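Just below sit the structures, each encoded as structure tokens.
What follows is chain A paired twice: with chain B in the first complex and chain C in the second.
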Partner chain A sequence: MSATTMDAKAAMDTFVRETGGWIASQLEACTRCGICASACHFYQSTGNPDFAPVWKVELLRRAYEQRFSPIGRILTALGVRKRITDEDLLAWSRVVYEACTVCNKCALVCPMGIQLGPLIHDVRTGLAAAGAVPDDLMAAVNKQVEEGSPLGVTDDVFEERIEWVSDEWDVEIPVDREGADTLVVFSSFEIMKFPENIADIARILNAAGESWTLSTKGREVVNFGFYEGSAEHTTLFIDRVLDGANELGVKRVMVTECGHAYDALRWTAPNLVEMPDGLEITHIVAVLDELVKAGRITLKTGAAEDDGGVTFHDACKIQRRGGHIEEPRRLLKILAPESFREMTPNREAAICCGGGGGVIAIKSADPQRYAAFGLKLDQMRAAEADTVVMACSNCRLQFLDGVQHFGSDVKVRGLSEMVAAALDGTPASDGQSE
Partner chain B sequence: MDWDAFLRFLRGPLFDVALVVFVAGLAYRIVRVVALGWRRDRAPAMGSRAGGIVTSYAKGIGIWPFIPWVKDSFRGNAVTFLAGGLFHLGLFVVIFLGTAHMLVWKRLLGFGWPTLSLPVVDFLAAGAIASMIALLVNRFTQPVMRKLTGAPEMANWVFVFLPMLTGYMMTHHMFFRYEVLFSLHMLAVNVLLIWIPFSRIPHFAFYFFSRTIHGSQFGKRAVTP
Partner chain C sequence: MRCRHSGSFTHEEVQALATFLNDYRGRLLIDLRDAAIEECERHIKNFRPMMPTAAIFGAPIDPSVLDIPEMWYAHEVRAFETEDEALAWLREQ
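Presenting the complex of A and B:
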């Protein structure tokens, strides 16, 4: 990404095309009071005013005023208002990609209730059209376009990995089974970095007698196009999953421990593509809770009591923007009835991990990514937590990297892995990451 | 200078023009936004949109203005919350529950309503003026606010401050003859009314858009707004 290859006009045209009443009315409602800054973990941990959410959407607002308001048009023509330049694109690329996880906590503190997260996503859409996406992130997007996965999970790698997991943990993993009820879609994070997640989820679903399958076609649920903000790439990656679902004729698609992918498939896909009739999109935490409630799996009460103080990290896309807030808590209260405790704030108001939204994939974002994780560490310390559990692999990568960076001895665990370890009468994986 | 004639012009023809600009300008702003089109959200809801919207307004109207300190964001934004709240409270009370202003509404609408006693209105007006000064200081001391401050923000502040200041001076017969103060107040009011459609002040109308969107977004995801 450099100023010479960028196209400010493309950004402007995209902003104009994307701006309907939904965006315009919220931009008009903003009084620029600056309260949103106090919700942003990046602003809070660094004090950099460029990281204030209101400043992140400033580019979109400028475009809106210059094109849609008569006064703005006149002032722009007269040169009083500055047109959007390539330098602006670079400056905003640094804040909306490198200092924003699109976690949308800012929307909760905004007195006007403006959905700042989605608006920042729209800023990304304009920057993507202009070619102002950070190089690291763009490389991952291109890799997913070409190879089907940002982490290089090609057809062969997928087949090898699944076979290996199946052998290693001695668990049956159906692939491309037509007529199964549930298509399980893993993220390449899980396939490459947390393979025990695959074994554990397989073991849980087998124990519950669920009719499920993986798909070679729809093998990658991660959507780097959604991080990028490009509707074209987002659609391409969504279609691959839906093609897999269509081919096998499943009733539902279960997204595993991945947040952004769930947001893309559950809430965004229906507005981008024609969804197959009656296809349900669900998340692993909802399914785990459902299986326990229905008595299809039983968990050993207190199975995680040896883990010390256990706390749950709410992921922005699964809890605050996904609504699966109580399910993981119900499960953890079975696994650690005595030692479970909440961080403050929690649930929909939780502080983001700092690595989502593609931030962890961008090297130059490291300083603020670690700074933001510091807030999380403070929260865990205050809650006297020894183990932190989450249902998002992206959060988990950030946590593993963060605790190592700060030399913390907090144990980082995935929810499915803990549930699998507590299954009555089945041997569990040892819970170690590769 | 014939202040009486000037005042008659300010209260008569110019006020009427200002009102027309205000109403027509505001209507244009709203219609322009609505006419941009709305895409239907086709994602099936998990929770209740309507419930979310009700909660969104209950919190927006019940919590923000009265018990802001229950919010985490209150810390670090105390001036914005308290001065901002006091400013809006003073503004609404003065405009709708001050006797002199109610009489203007009565002339415009044809009916009036009971008002608050002058000392109460006066106290809140003074509070609103003091709040505006506090907000201005805050604007120049907070790094985020400094970044967001430009000519339009300063114009907003001045055009809102002048009617309040002149109105307060008028009630207290400060410095000048009554006709002069009244003229200055009407001049400031007319300028403000004409300025509003060109400014970011219409947030009071768009509040209802953003708050509804907020409730619907969180409600459909089964999350408390």
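Presenting the complex of A and C:
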């Protein structure tokens, strides 16, 4: 990506096309007080004013003023207001892709209630139209277009990995089972890097007697088009999952440990595609809680007490956006009733891990990604946590990389893994380490 | 840490290895002497995306086992003919 290959006019046209009454009201409401900066983990950890959320939406605001405000039009025509240039696109690309996880915590503190996250997503949309997406991220998008997965997990690789997990973890994993109730869609991060997560979720669902299946057609839940900000690619990847669901006739799609994918499928999809009638989109966190409440699985109380102080990381898209705040806590209070403790801030006010929104896929974002994770590490230390649990595999990748980067010995665990390990009468995948 | 394994892997050992690789934060020296090489190759291939920085020696392994897309892994894993070569590389990492 360089300024010479960008198309500022395409960005401007996209900003203008995207700007309807809602965006206009949000931009008009902003007083530029800058309080949003205090909520941004990238700004907090680096002090870089370019990372302030209000600055991240500046291109959108400029486009709005120049096209929709009479004074803005005149000032632009007179050359007083600066038109958007290719250099601007390059600069904002570094800000909105490399220093923003679209976690939307900034919206929580905005006194005007402006939804900065969606506005920043719109800035990404304009940059995507202009060809200003960081190369690393775009390579992953292209891979997902061509091979069905941003990590290059092809049909053959998928089949091979599932067979391997099924065999070594000795667990039944149904694939393409027509008439199953639930389609389970993993991310390729889980397929490649957290195979035990697949086994653990399979074990839990089998123990509960759930009618479920994987789909070779809808086998990738991650949506790099959503990270990119491209409606076209986001739709393409959503359609693949929905096609898999339609083909098998399932009643619900369960997103496993991925946050952005949950946002894309649950809230963005209905705005982009026609959702199949009655199809429920749910997340593994909600399902785990349901299964325990309904008595379909029983967990050994205190099964995770040996893990030392246990804390939970609230993922921006699952907890803050998705509202699944109490479910993991109810589960952890069974698993670690004595040793569970909260980080501060927590729940919807928690700060992001720093790796979401595609940031972890962009090498040049590493400095601020690690800086943001430093805040999380401070919170874990303050909570005297020995183990941190989460329900998002993208967060988990960031935590694993972050704790290694900072030389921390905090253990990083997936919630499904802990639940599977606590299943009454079921062998635990994490109980056999030496 | 030096790793060595002889004989076949049980399912439990494979599962324990997955947990170990998730938790381990250091570098690995993998000694394949006396190992069931075909089986080890299979496990190395399957676990390659999760492996920390590692140097393998002690038996020739098929280069295609380590030749996987860069997006699948975070750490380098290389094979060497001798332990000295493996250690020398590992110390530089």
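Annotations
Rule of thumb we're sticking to: the second predicted complex is superposed on the first by the 430 of 434 C-alpha atoms of A that agree within 3 Å, B and C clash if a C-alpha of one lies under 4 Å from a C-alpha of the other, contacts with A are read in each partner's own complex, and residues count from 1 in each chain.
Simple rule for what comes next: a residue touches a chain if its C-beta (ideal position, glycine included) is under 8 Å from a C-beta of that chain, and two chains touch if they have at least 3 such contacts.
Keep in mind that what you see is a predicted model, and the values were worked out from it rather than measured.
In the superposition on chain A, A:192 makes contact with chain C only, not with chain B. By the touch criterion defined above, A:164 reaches chain C but does not reach chain B.
Within the superposed three-chain model, A:152 lies in touch with chain C and out of touch with chain B [touch as defined at top].
In the superposition on chain A, A:68 makes contact with chain B only, while chain C stays out of contact range.
In the superposition on chain A, A:404 contacts chain C only, with no contact to chain B. Between chain B and chain C, the partner in contact with more residues of chain A is B.
Of the two partner chains placed around the shared chain by superposition, chain B is the only one that A:32 touches, whereas chain C remains out of contact. Once the two complexes are overlaid on the shared chain, A:113 sits against chain B while remaining clear of chain C. Contacts of chain A with chain B, set against its contacts with chain C after fitting on chain A, share not one residue.
Chain B makes touch with chain A in their complex at residues 29, 32-39, 41-44, 46-47, 56, 60, 64, 71-73, 75-77, 80-81, 84, 142-148, 153, 198, 200, 202-203, 206-207, 209-211, 213-215, 217-218, 221-225.
Residues of chain C that touch chain A in their complex: 11-12, 14-16, 18-20, 22-23, 25, 46, 49-50, 69, 71-72, 74.
Interface residues of chain A, counted against chain B in their complex, comprise 19-22, 24-26, 28-35, 37-39, 43, 47, 49-50, 52, 54-55, 68-69, 71, 107-115, 118, 266-271, 275, 319-323, 325, 345, 348-349. Of all residues in chain A, those touching chain C in their complex are 140, 143, 150-152, 161, 164, 168-170, 192-196, 199, 400-401, 403-404, 407, 409, 411-412, 429-430, 432-434.
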